[in-house]
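Read through the structures below before going on.
Paired with subunit B in one complex and with subunit C in the other, subunit A is shared by the two complexes that follow.
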Partner chain A sequence: MRLITHNMLKCHVKNCTDPDKQFPLRFKDVQLEQIEADRNDEFLVRMLPRIDWAALLKTAKELNIELPDKVPESPADDGEFLSTLHTVILETHVKDGSMVCDGCGHEYKITNGIPNMLLAEHEI
Partner chain B sequence: MPSFIVHFAHYHEDFCLAELEALSVLEGVKIGYNKTSYSLDSPILLIDVESPALAEKLVRRAILIRSISEYWGNGSTYDELFAEVKKTPERWQQYMQCSFKFSVEGFGRSLTQKEKVAVIESFSFLGFQGPIKMKSPDAEFFVYEDYGKSDLPFPAEKPKHIWFGRVVGRGSRDLVDKFDVKKRKYLGNTTMDAELSLVMANQALACPGSLVYDPFVGTGSFLLTCSYFGAYSMGSDIDGRQIRGTAGFRRGVDGIKANLAQYQLAGRVLDTTVFDICRNPWRSGPMFDAIVTDPPYGVRAGAKRLGRKNGTVPEKSFRIVDGIENHRRDDYYPPTVPYEMSDVIADLLGFAAEKLVVGGRLVYWLPTVTDEYDPKDIPLHPALRLVANSEQPFGSWSRRLITMEKIAETGPANVLSFLNKAEHEPAHKNFRDKYFSKFESVSPTDSQ
Partner chain C sequence: MKLKLFEEYLGDVIAFKEPKIQLEQYPTSAHLASRILYTAENTYGDIDGKAVVDLGCGCGMLSIAACIMGASSVVGIDIDHAALETAQENIDEFDTGGTVDLIQASICIETSDGLLALNEDLTFRMSKKFDTAILNPPFGTKPGNKGIDTLFLQAACAMTRNAVYSLHKTSTRDYIVRKAKSWGFECDVLAELKFDIPMMYKFHKKKSVDVGVDLVRLYRKSG
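Up next, the complex of A and B:
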């Protein structure tokens, strides 16, 4: 699972609605992997408004990944920034591990790069 | 604007015009044509495009278009056609010395080699002196004889209409072979055929820079075709076995990942995730440029969503199995309940209205019962505009490829979804029951 996807997922257990806790999910015991991906700057720039930067920054810190604190004012002209962004959100994969909700404690497992976001019977 | 002859593949006729319109938006090429001049019975359509270069661009991604030709003439007889061609001799000059070839094709009747040669020779008045070259000639000319669609055993002797032009561009029909499901490393029993999967990518305007999502991803056909055209894509499914490839055909090949490797698309197909779209974990706000999907009809793959079969008390979550609570076990799978077709579609529209960016597209299949179909059955949503509705008939039922575009931001999706639900019961409601009862409506008892 790539970090771009992680940035779009929140805990969705019934009654777990505290926006500060259900997102971003905290990684636990994760095995990371770098895999080269096709870079498209137009895509990166288009995605920026759809990315929650504070959440991405928090996650990056947890994983010891370097990321600028703020999105530059004109990201489209900042090749270095786009290169970093590409590496972080599209080339950094979580192969195995889990994502934990700080609100309700639900642990979403990631197996072979595929997150299991299904809820249990008592969580719907 | 100059005229061009579009030669459709004449397969999935009801989809041809919708694809042409989508390509016009996708490639930013303005087109003009007379809607009444298009007939499902003929694979030829005359359209206006600004230049040959733009005409070539217009069709380069087309799946249902074979070629586009600069218009030189047409007629109901060869004499009429020749008279038309002779009106613009200035056009011939630049092709006098270059290498060239002629293609002759019949619709409604196949032509013998001898007949084709006779047709080609009848154009000798053009006076081309360059060499004939069958492979990559400088100029290619196209003669099209339309004998009309006929159910008679003996087709008409003379064509109803003849078209003539210079080929300026071709579609991408070779992709139908490239993505042929038989050649895929991994597939399932509901995998969509290659041709329609590719057409869907065009309807969705999937292109470099866009993000496409399939909420019923299955074995991932649409991720392949959309990402082939440059889009980044994501998918989800309630059934993780389809994604991982641990069930269905060709299991044990690493599921969707095997196809990504085969088609070298792992760099753009971002992720596939296991969850129920009814209880989805996407954070709020628009995220996708297109949603492309084949919702479960409940025929071949029974549609399911998470739910409890009886009552409201979770029965099995906390049962202790081998010393641990059931729901914490690795092999735990939550209970599901059937997901009725009309609910699937209503939820899908509500989801798309929230999750698409404005201008983004929802492209999905809707099954309909032929005898009961009413255009009112097509679900509407105030945030979504109906762009196209193309039917693929199977006799007593059809499936329709519906294309919608998000036109405005709306409030909470569930408040607005499915405004026409109350006053009209669509024919796809209880589709599964109707399918298995072979669409025979229960006739009222004779009471005389």
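Up next, the complex of A and C:
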């Protein structure tokens, strides 16, 4: 799973309702892998407004990945920024480990790069 | 890429190893997948350079097809671990350059009165994050699955900014068109297909059954 996808996942356990803690899910004991992908600037610029930057920044910090605090004013003309963005959201893969909710403590396992978001019946 | 070659490539995608009846796991054929994605890209420009989501992705046939057609990012979601493992094998085999992410999750949840509803808590942050959604949903013909096809379609509409490609029994066409309208989408029937469901389960008496299926394209009404 790439970080662009992690940026869309929130805890959905019943009674876990604090929006500030449900998202982003915190990575725990994760193994990362870089996989090279073709860079498409037009795509990156289009995706940018759909990314929750604060959440991505928080996650990047946890993983010791460098990312600017703020999105530059004209990202389309900022090759260096786009290059970083591409590497962080599209080339950084989480292979194994888990994602933990800071609200309720639920742990979502990641196996072979696939996060398991299924919940037990009493958690729905 | 020529359609014939595209279909030939997709012929290497492995189908469900042990299909589960309750999940209505019927594989999407290479023939069908190639035509859906070929049309989506060449007629509508909905795939190349786009963010695509595949709901009920199963073994990843449509996700891989989207990748080959040039999708910049694909997310496949399925409830079944075994199917996702096969999907991952397929993805590794096709060397998609890490473009496809798989998520094990349930699009629907069972309500207290035994009916199905959208798992909105899960999909909340996926709202309008994709350009295009593609899906071959369960048709909702098994007990307990009533309405699941429409719920998958509704989830797909919520996640996409532009278009949704889906397959539905021709017998439900009027209902699907009405539903689409209520979500702010127009619905075009692109093709009426004969869905060849080969004998996979013990309850199938015939060698294969043809079911009338519509390939539909839903798109947001402008304005």
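In the analysis below, the second predicted complex is superposed on the first by the 124 of 124 C-alpha atoms of A that agree within 3 Å, B and C clash if a C-alpha of one lies under 4 Å from a C-alpha of the other, contacts with A are read in each partner's own complex, and residues count from 1 in each chain.
Just so we're on the same page, a contact is a pair of C-beta atoms (placed from the backbone, for glycine too) under 8 Å apart; a residue touches a chain by one contact, two chains touch by 3 or more.
It should be emphasised that the depicted structure is a prediction, and the values quoted were computed from it without experimental measurement.
A.B. asks: Let me test your reading of the model: by the given contact rule, A:H122 touches which partner, first (subunit B), second (subunit C), both or neither?
C.D. replies: The first partner, subunit B, only.
A.B. asks: Answer with first, second, both or neither: which of subunit B and subunit C does A:K61 touch in the superposed model?
C.D. replies: Touch partners of A:K61: none, neither subunit B nor subunit C.
A.B. asks: Would you check which partner chain A:I35 touches, where first means subunit B only, second means subunit C only, and both and neither mean what they say?
C.D. replies: In the superposition, A:I35 contacts both subunit B and subunit C.
A.B. asks: Where on subunit A do the contacts from subunit B and from subunit C line up?
C.D. replies: 1-2, 4-5, 8-10, 12, 23, 35-38, 40, 42-43, 47, 50, 52, 90, 112-118, 124
A.B. asks: So in the complex, the part of subunit A that touches subunit C is made up of which residues?
C.D. replies: 1-2, 4-5, 7-10, 12, 23, 35-38, 40, 42-43, 47, 50, 52, 90-91, 93, 112-118, 124
A.B. asks: Help me check something: in the complex, which residues belonging to subunit C touch subunit A?
C.D. replies: For subunit C paired with subunit A, touching residues are 49-51, 72-73, 75, 79, 81, 84-85, 88, 97-99, 101-106, 109-110, 119, 121-122, 124-126, 128-129.
A.B. asks: In their shared complex, at which residues does subunit A touch subunit B?
C.D. replies: So the residues of subunit A touching subunit B come out as 1-2, 4-5, 8-12, 23, 35-38, 40, 42-43, 46-47, 50, 52, 90, 109, 112-124.
A.B. asks: What residues on subunit B touch subunit A, complex-wise?
C.D. replies: 208-211, 230, 232, 234, 236, 238, 240, 243-244, 257, 266-268, 270-276, 279-283, 285-287, 306-308, 314-318, 327, 330, 332-335
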